[in-house]
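Quick notes on the structure that follows.
Per-chain numbering from 1; labels A, B and C assigned in written order.
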Amino acid sequence: MTLSSIAKILETEFSYNDIEITGMNALKDATSSEVSFVANSKYIKDIQGTKAAAVIVPASLVEYVPAGCAALVVENSYWSMATLSQAFAPVIENDALPIAEIGEGSKISSKAEIANGAKIGKNCTILAHVYIGAEAVIGDNTIIYPSVTVYRDCKIGSDCIIHANTVIGADGFGFATNNLGEHKKIYQNGNVVIEDDVEIGSNVSIDRAVFGTTLIKKGVRIDNLVQIGHNCEIGEYSVFVAQSGSAGSTKLGRNVVVGGQSAFAGHLEIAPFSTFAARSGVTNNIKESGKTYGGFPLLEQRTWLKLQVKIARLLK
Amino acid sequence: MTLSSIAKILETEFSYNDIEITGMNALKDATSSEVSFVANSKYIKDIQGTKAAAVIVPASLVEYVPAGCAALVVENSYWSMATLSQAFAPVIENDALPIAEIGEGSKISSKAEIANGAKIGKNCTILAHVYIGAEAVIGDNTIIYPSVTVYRDCKIGSDCIIHANTVIGADGFGFATNNLGEHKKIYQNGNVVIEDDVEIGSNVSIDRAVFGTTLIKKGVRIDNLVQIGHNCEIGEYSVFVAQSGSAGSTKLGRNVVVGGQSAFAGHLEIAPFSTFAARSGVTNNIKESGKTYGGFPLLEQRTWLKLQVKIARLLK
Amino acid sequence: MTLSSIAKILETEFSYNDIEITGMNALKDATSSEVSFVANSKYIKDIQGTKAAAVIVPASLVEYVPAGCAALVVENSYWSMATLSQAFAPVIENDALPIAEIGEGSKISSKAEIANGAKIGKNCTILAHVYIGAEAVIGDNTIIYPSVTVYRDCKIGSDCIIHANTVIGADGFGFATNNLGEHKKIYQNGNVVIEDDVEIGSNVSIDRAVFGTTLIKKGVRIDNLVQIGHNCEIGEYSVFVAQSGSAGSTKLGRNVVVGGQSAFAGHLEIAPFSTFAARSGVTNNIKESGKTYGGFPLLEQRTWLKLQVKIARLLK
């Protein structure tokens, strides 16, 4: 899509050299063929440092847009970003793509649906009612139980087990809201990548990234009914117990253990080898490795236990 | 079904004019061709004001049944209501219904199942392993991802997106219990209506109403793994973050924001533009619009934050 | 499999009479043709009393292995148990098994998948996209809604209703971890048994046992999005409200009521007729019948309510 046609979609003036734009991305990650956006003055440094071809920007922030980067000035830049995201959304299925490649020794149920453009490795077992979306890639020896849905463009490694009715790569929860309280979808044009030797329970939801990738690293273990928000990164060998979850963009180090019904707020960084007791509610970064936490608000677990004793004394 | 045959099912005496009964309903909503019930003396006013053709009632409350309304006197009226609910349950699928109507431009996977009597609008995308039940109706331009189940009689509007493995219209959680501790199912003969421009995440459960409708209004956004109980009404543009839920019959105004893992008790009324922080537990009505709450028990969020500071001081 | 071949898999010495081993089991439950294991000195009594043919054991505990029971000495017995569990895992589907038996009057969707070796009773309704695994057994009059997955070897009784997208018998969450932080799957070779007259909501996960059975007794009612861990036993007529759950090996008596978003830790015993308010967090055994609890840490509900009043006073 050309930059001038993007300006037309956003109903904004355009007085730059026209170039071909390949996609959208965050200010920090955008390349010279991508468009980015900014909605908030706290990202001024990111605007100044961006390599994006263009940035969707409110008039109040236009002065920070660097030379060589086109400023697409709009009233509500988050809303305009949502508008543009639709233009970059690929079709869900594409009959023009080649029929899926199936590796030697793989057993695919005739009641599974493997969309055109997908690639399945060797010696996989894909059971009935599974859906593998367009251009999705599955490694070798992976077992996918019934009614699992893998959305387009997602990648699952080798030696993985995905239990029944789990959903990999549905859209992250993203929308802009205008001053009438109406919402506009932000199309989630990223994907999910699951590395090798990962086991995921049943009825789990792992959302695709808005840009880039939601990443589940090697050796992770996820129990049932767990929620992983868009753009999360889950470190090697980390463990999520049932009914726990994470909001978007949170990054866990390796071997983090997340107790049942625990949850992380978004945009956090969690040190490796951290352990969270059941029902932990994590709203801040964890910088020191190897400690155990609990409660909401979160405390070190031994402190939380002490606090419960003190609270119980209020009854006397 | 005739009123006399209903009396026979309930094994109670019948000395009224016989009429045709079309269904069951709550005391307040029942019409003159419907049967209602009452189990509790706190609903005396509702008995007195009912327009129902008949009411299932214990002997202790029969005096409040208005003239012109037949009293079906039973020992355990809630149990008897459960018994009768089965008689009104429609069959799950009905081969005698006409083959589903599919609107122009809609793309239906050959691996989806569209039951007889269903109607799909124009330009819809229905992916593999979707189930659309008998007499369900889907509007125009709606996208339904794989393995979504829409039960019979439910309605989904136009421009909606339903993500994979979500269930619309399964039975609400209703049963009567006798004094031996045994349960009897209350058949959920209502439905779910989802208005236009609603997006629902993956692995969501929205239950059908016992009578009437579970209603999701225009522009609502629901994240993954959310529970909406029977007979809820969710106001326009309201937002449910992942793993939150509501028990039955709760009504939210417009633009209510429900944080992750939050929950509402049943039968509440929540003012519009209310915001609930993650993990809120809401057990009372919210009458004033536009405030932010948190905690369990629920407080205004700023008060909850203050309280946490006070609680932490107990450690000193 | 012979005991000597098991020793070879575990790379340990073997100087006993060779016998045929039929499976693995817990120390207390193992028969004279089964292998067990012990990883912790707190189970010394169980080692001494075991009837297992052999026990996987670290050198430090070998002295407690009774006469007539072979000691398979390894460095990390839990890891070795995980290694061996794979050898006993049956294949997921087996074409050599006979085509499924379908009882008279049962209506099976042509879009359901009934694996070889399964048995469906009389007058069942099995809707589209259901998966019934190898050698699974379904009783009479049972209704299974779309996209339910029943894994191999699981049993569902008569007069049950299983709502859409629920998963019965996926692997329990079990793995051994070595000192590099890597995980090895413990194959879950047990099953799930659901007795008669049970209703289960949508998007529920009930895990199969590691050995033996996860048991849901007669008349139980389970709402949506509930998690039941491996080897749990849920007493007759017990009730789980939405988004609640139990970790593994917890046993509930009859008519226990579990409020929404509540949870049990693993390995607990809960007295019959106990009631847990919404959001209860249960971490200890409940010995006395008929009481009502709430909170986390758990208190009697009336005490918890009093405590909340005291806590609120901290604001003054």
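Going forward, a contact is a pair of C-beta atoms (placed from the backbone, for glycine too) under 8 Å apart; a residue touches a chain by one contact, two chains touch by 3 or more.
Keep in mind that this is a model prediction, so the values were computed, not measured.
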item: If a chain touches chain A and chain B alike, it appears here; value: C
item: Same-site or different-site touching of chain B by its copy chain C, using the half cut; value: different
item: Whole-Å gap separating chain B and chain C, where each centre is the average of the chain's CA atoms; value: 31
item: Residue numbers of chain B (touch at least two other chains); value: 111, 129, 147, 165, 203, 225, 243, 261, 311, 314
item: Complex interface listing, chain C residues touching chain B; value: 109, 111, 125, 127-129, 143, 145-147, 161, 163-165, 199, 201-203, 219, 221, 223-225, 236-237, 239, 241-243, 254-255, 260-261, 273, 278-279, 308, 311-312, 314-315
item: Contact set on chain A toward chain B in their complex; value: 92-93, 111, 113, 129, 131, 147, 149, 151, 165-167, 170-171, 173, 175, 177, 181-183, 185, 203-205, 207, 225, 227, 229, 243, 245, 247, 261, 263, 265, 281, 296-297, 303, 306-307, 310-311, 314
